[in-house]
Each structure stands twice: as C-alpha cells, then as structure tokens.
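So, here come the structures, one by one.
Two complexes come next, and they have one chain in common, subunit A, joined by subunit B in the first and subunit C in the second.
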Partner chain A sequence: MTLTAWQQLLDTATSVPGVRGAVLVSIDDGLVIAESAMDILPTAEVAALAAAIVQRTLRVSAAASQRPPRSVRVSGDAGTLMAFVADGPLWLVAVADPAAELGRLRLLLGDVAAALR
Partner chain B sequence: MRVLEPWLAEPLTGLLRESSARLALVMTASGQVVAQHGFTRSLDVMAVAALGAGILATTAELARVVGSPTDFGAVVHHGESQGIWLAPFDTPRGRWIGLVVFGRESSVGLVRMFFDRFAADVRVAAPSDTQPRELLAEGFERELDDSLRALFGGAPR
Partner chain C sequence: MTLPASSSPTPPRGHAFLELGERLRRRGQLDAAATVTAAGLAHYPDLGPAHDLLGRIRADQHDDAAAAAAWAVALECDQGNVGARKGLAFLAFRGGDLAAAERHLEAAVLAAPHDPEVSSALDRVRAATAPPIAGPVLLDDPAGGIMLFDREGMRLIGGVGPDASDEMADAVAAECAAVVRESVRATRLLHLGPWRQVIVEGPDSRSALFPVADDATLLLVRGASTPVGRVVAAGHRATVAARAWLERMT
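Coming up: the complex of A and B.
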C-alpha cells in the first residue's frame, strides 16, 4: 500500500465528527508513519504514548497466556484514544473528543485498520 | 545519577523516569560532562562523550556536504536490545549534547518526546552566566578530563 492510500484511509477515519486525528503508528519504535490530524493534536506524542500503552498491553496478554489484543481503548475526561492493530507492528490510533460518536468510530476504525493490512 | 550543578538534577530525573532510559550523559559541546546516569567508570564516560561528540560532528559535516541548510539533529542507532539517542540542543550556555541509551522497555518515540521536554526544561532552568563554545573546540580533552574528575573524583579510571 502506498503512503497516499494510507493517507486517504486516515482521512476517512477523521471524517467522524469529534475525531481530532488518526495516526498510523509503528508500535516497535513509537513513531508516526502517516497521519491525518488537526494542527493542535501533537501526533508525535500521541504515537509515542499510544505505542507504550499498546506494548504494555501486549506484554500483559502474553504474561496471562491470552491471545494478543486486536484493539485498545483508553477513555478519560478529555476524550478517548482508540488503537487497532493494522499490519504487523503498525497500529491505527485515533483520538476523539468526549462528545464523538464512539460506536460509529469504533466500527469505522475496525474497517480502516482492516483495509490497511 | 551525578550532576555537576544541582539545577540539572530535576530535568534529568524527569527524563530518566519518563523515558525509562538505562544510561544518560549530558555534556557541553566543548567536552565538559555536566551530568551522567548509569555509568560506573569514568573511562566509559570519557569514551562515550568523545565518541558521541565525534558522531555529531561527523553528521554535521555530512549535512553540510549534502547541502542540508541545517544540521540533521538527532542521531539514532537501534540495536536488537538497546538503542542510542544522540542529539544536540541549545541552552543559554550554548549548545549541549545529550546521549540516552534505552532498551526494549522504551522506544525511540518516547525518548524523543521526553528528551525534547528535558531540553526545554534545561533552557528554562539554566543560568546564563557563561559564553557558549563550539563543538569539538580546542580544549575538548582537557574539559572532559576536568569534568570527569569533578563527577567521579580523582584521575580517570
């Protein structure tokens, strides 16, 4: 898949109202591969921290002899972070406002992550 | 962790805690090691400081040769179990160099993020009472020796 195709899929993810941005992250090194985000979203920091969360979640699953998670969701007062496995070490990460339609976003991110494979 | 000046302790502690770094070294561009964490022998610090400054000087020259308008910034070497983040940053005391060794419990992204914060914290906390000096200046070796004596005590070992 080309960078342009990745970009189009990320733009699709950010089309949901309330989504501040979507980032394709390399979980191994916590770096941004491609992004579609509002200017105010610090995507490099989102990628680094999301990668840390996903890595720890994968370790917890392995330690508990469970299958690795396909998605991770973290919610707080200021919004929600959703991460979906895309292709190997690449994960699709989205950050949304508290008022975003999270159900719709979850379905869409699942589809986009699948298309990224 | 050892620091030459107390005001450096808080920013460096933050970097180490947040990035889960294993080793860290902060030095001036002129070769004075101002802080270190994780090294037990001054000879190791001496070698790492000299090699790190040399790598940055080399990449700066590469940037010039290929026509880059600015230096490349950070240099990252990523091995199977450990990585090295090496980057210059500007302070009121001139250009300093940071070297961070990290393992699989961290990542390049995390180290970059918290290194940037560390550099910003240093800029705020640093007293601006000395003149900046150039990378690999004439007195590099002497300054390195002096700072190692101050950090470890006695002659380099």
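Coming up: the complex of A and C.
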C-alpha cells in the first residue's frame, strides 16, 4: 500500500465526528509513519505513548499464553486513545473526544485498520 | 383516496415503482404493494432497494420467512443495503436472537455511520443484551476471571480464569501494572483526564482494567465473544465489590 493510500484512510478516520486525529504508528519504535490530525494534537507524543501501551499489552498477552491483542482502548474523563493493529508492527491510533460515539468509532477504526493491511 | 388491493396497478417506468410500492405499503395496501414491487423486480431483478421493499411488505404481512429471503437477496445485490440489514435485525430481534440483531445493526452502522435511526436501534439492542442483575461478585474465585492487584503489580485477590495457574495470574498482574502506568502517563500527557478504563480485545479474550483505588486496579477477563459492553458493565460491578473488599481489608 502506498503512503498516499495510507493518508486517504487516515483522513477517513479523522473525518469521523469527535476524532481529533489518526496516526499510523510503528510500535517497535513509537514513530509516526503517517498522520492526519488537528494541529493541536501532538502526534509524535501520541505515537510514542500508544506504542508503549501496546507493547505492554503484548507482554500481558504473552504472560497469559494468549495471542496478541487486536485493539487497545484507554479512556479518560476527557478523551479516549484507541489503537488497532494494522499490519505487523504498524498500528492505527486515534484520539477521540468524550462526545465521540465510541461504539460506532470502534467499528469504523477497525475497518480502516483492516484496510491498511 | 386509497387504491383497492385488487386493482393491481401497473408499475410506472424506471425505478418509480419503488415510490409507489412504498406508498401502498404505508397505506396498508400490502397486496397491491407486493404486486407493484414484484412487477418492478421483473424488470430490475438486481435492484437491491426493490428486494428491500419486498422484504418490508412481507414483514408487514407477517411472512417472516419471505421477508428474510427478500432481504437476503437485497444483500446479495448490495452488501451495504442498510434497509435489508435493519430488516434482518428486526426479524432477529423479534425472534429473540439478539446476537444476530446486533451483528446486522453493526454492519448497518458501518454502511451508514451517520444514520441516527440505525445507531439508536443498535443502542437498544445492546441495552437488551446487557447482563441481568446478577448475584454477588466473587472476588476470591480465581476461575472467575476477576483479579485485583496493587500498583507494584502484586496480586491481591482473584485470578485470570479457570485455565490459569496462580503463577500465570501473578505474571499477568505484574505486566498489567505496567499497562496501568503507561495508561496513566498517556492520559496525563495527552490531557485525556484521569484514566477510567483500559479495554483490550484479542482473538482469545476481551479484558478490561479499572481503577479501584489509588493503589489498586481490577482486571476482568472474559471470552473473545463476550460483547464489549458486557465486559465494561461486569467490570463496573466488580469494581464496586473490589472497593468494598479493600475497605474490609484495611
């Protein structure tokens, strides 16, 4: 898949109401591969923090003798960080407002992550 | 003025028969509506909306099998046919198959993410599948898939399921504490507010972490087919029980 195609899919994710931005992250090093986000969203920090969380959940799965997770969602009072495995070490990470409809967003982002493969 | 069902009106040219068929259906003239729609389908057999309309007519006629068949054809014509998904969800819901209803509505939401009627229907189905009020939460049963651990990753009580040893539960607790630390850091640095939950979905399980106290976190583990909403609801109940347990311990 080309960078342009990735960018289009990230733009699709960001067009969902309540999504502040979407980032394609390499969880091996926490670096941004592609992004589509509002200016105020620190995508580099999002990538690094999301990668750290995903890496830790991978270790939980290993400790439980289970296969790696497909998605991780961290919710706070003021927003949610959602991460979906895309392709190998690449994960789609999005940050959403509290007002976002998370059920719908979960399905859409899962779909976009699958399309990134 | 109403058209008698026996008049068998001639369908208009093009796709206008859809409008006429729907109007007749809404008037309750179901036989006439079916005749118009069937005539239109003879000309446009691959027109998904026409099969969807036929499904609605058959459902109004209480012929669920014919309705389901019509909607199935509509989906063969167009997988994104929201009307067919809604119709099949309706039939499943009426038949008590809430999981199937949820699946169809989830697919409908994907096809029409901004349709408030669809998302509202999905909310209703999910509310109907919410867990019943259950008995007390048994924190001290390791097989229950509920575990409490402290900020250092030490297991306080519970376990991660019937197939997991105490050693495995201890290892999971240690790694989960690291997930909590990273989640706290992420929510603070990204201004997401105090963390409320972490939900992890995988091919083998769905699990969730909830803060119970400053120095204690609850992990709830369920099967991979458990609806996420049910995992969260069970987690909230378990959190209340865990707080009470902590108070008794201190």
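By definition in this document, the second predicted complex is superposed on the first by the 117 of 117 C-alpha atoms of A that agree within 3 Å, B and C clash if a C-alpha of one lies under 4 Å from a C-alpha of the other, contacts with A are read in each partner's own complex, and residues count from 1 in each chain.
Operating definition for what follows: a residue touches a chain if its C-beta (ideal position, glycine included) is under 8 Å from a C-beta of that chain, and two chains touch if they have at least 3 such contacts.
The shown structure was predicted, so the numbers you read here are calculated from the model rather than taken from an experiment.
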Simultaneous placement of subunit C and subunit B on subunit A, clash or fit: fit
First (subunit B), second (subunit C), both or neither touched by A:S75: second
First (subunit B), second (subunit C), both or neither touched by A:A52: both
Which partner reaches more residues of subunit A (counting touched residues only), subunit B or subunit C: C
Which superposed partner A:V95 touches (first subunit B, second subunit C, both, neither): second
Partner chain(s) touched by A:A44 [first = subunit B, second = subunit C, both, neither]: first
Distance of closest approach, subunit C and subunit B, by C-alpha atoms in Å: 9
Subunit A residues contacted in one complex by subunit B, in the other by subunit C: 45, 49, 52
In the complex, subunit A residues that touch subunit C: 16, 42, 45-46, 49-50, 52-53, 56-57, 59-81, 95, 101, 103-104, 106-108, 111
Subunit B residues touching subunit A - in the complex, by the definition given at the top: 78, 106-110, 112-113
Footprint of subunit B on subunit A - complex, ascending: 28-31, 44-45, 47-49, 51-52, 55
Complex contact set, residues of subunit C against subunit A: 106, 109-110, 113, 119, 122-123, 126, 160, 164, 168, 171-172, 174-176, 178-179, 182-183, 185-187, 189-205, 221, 228-229
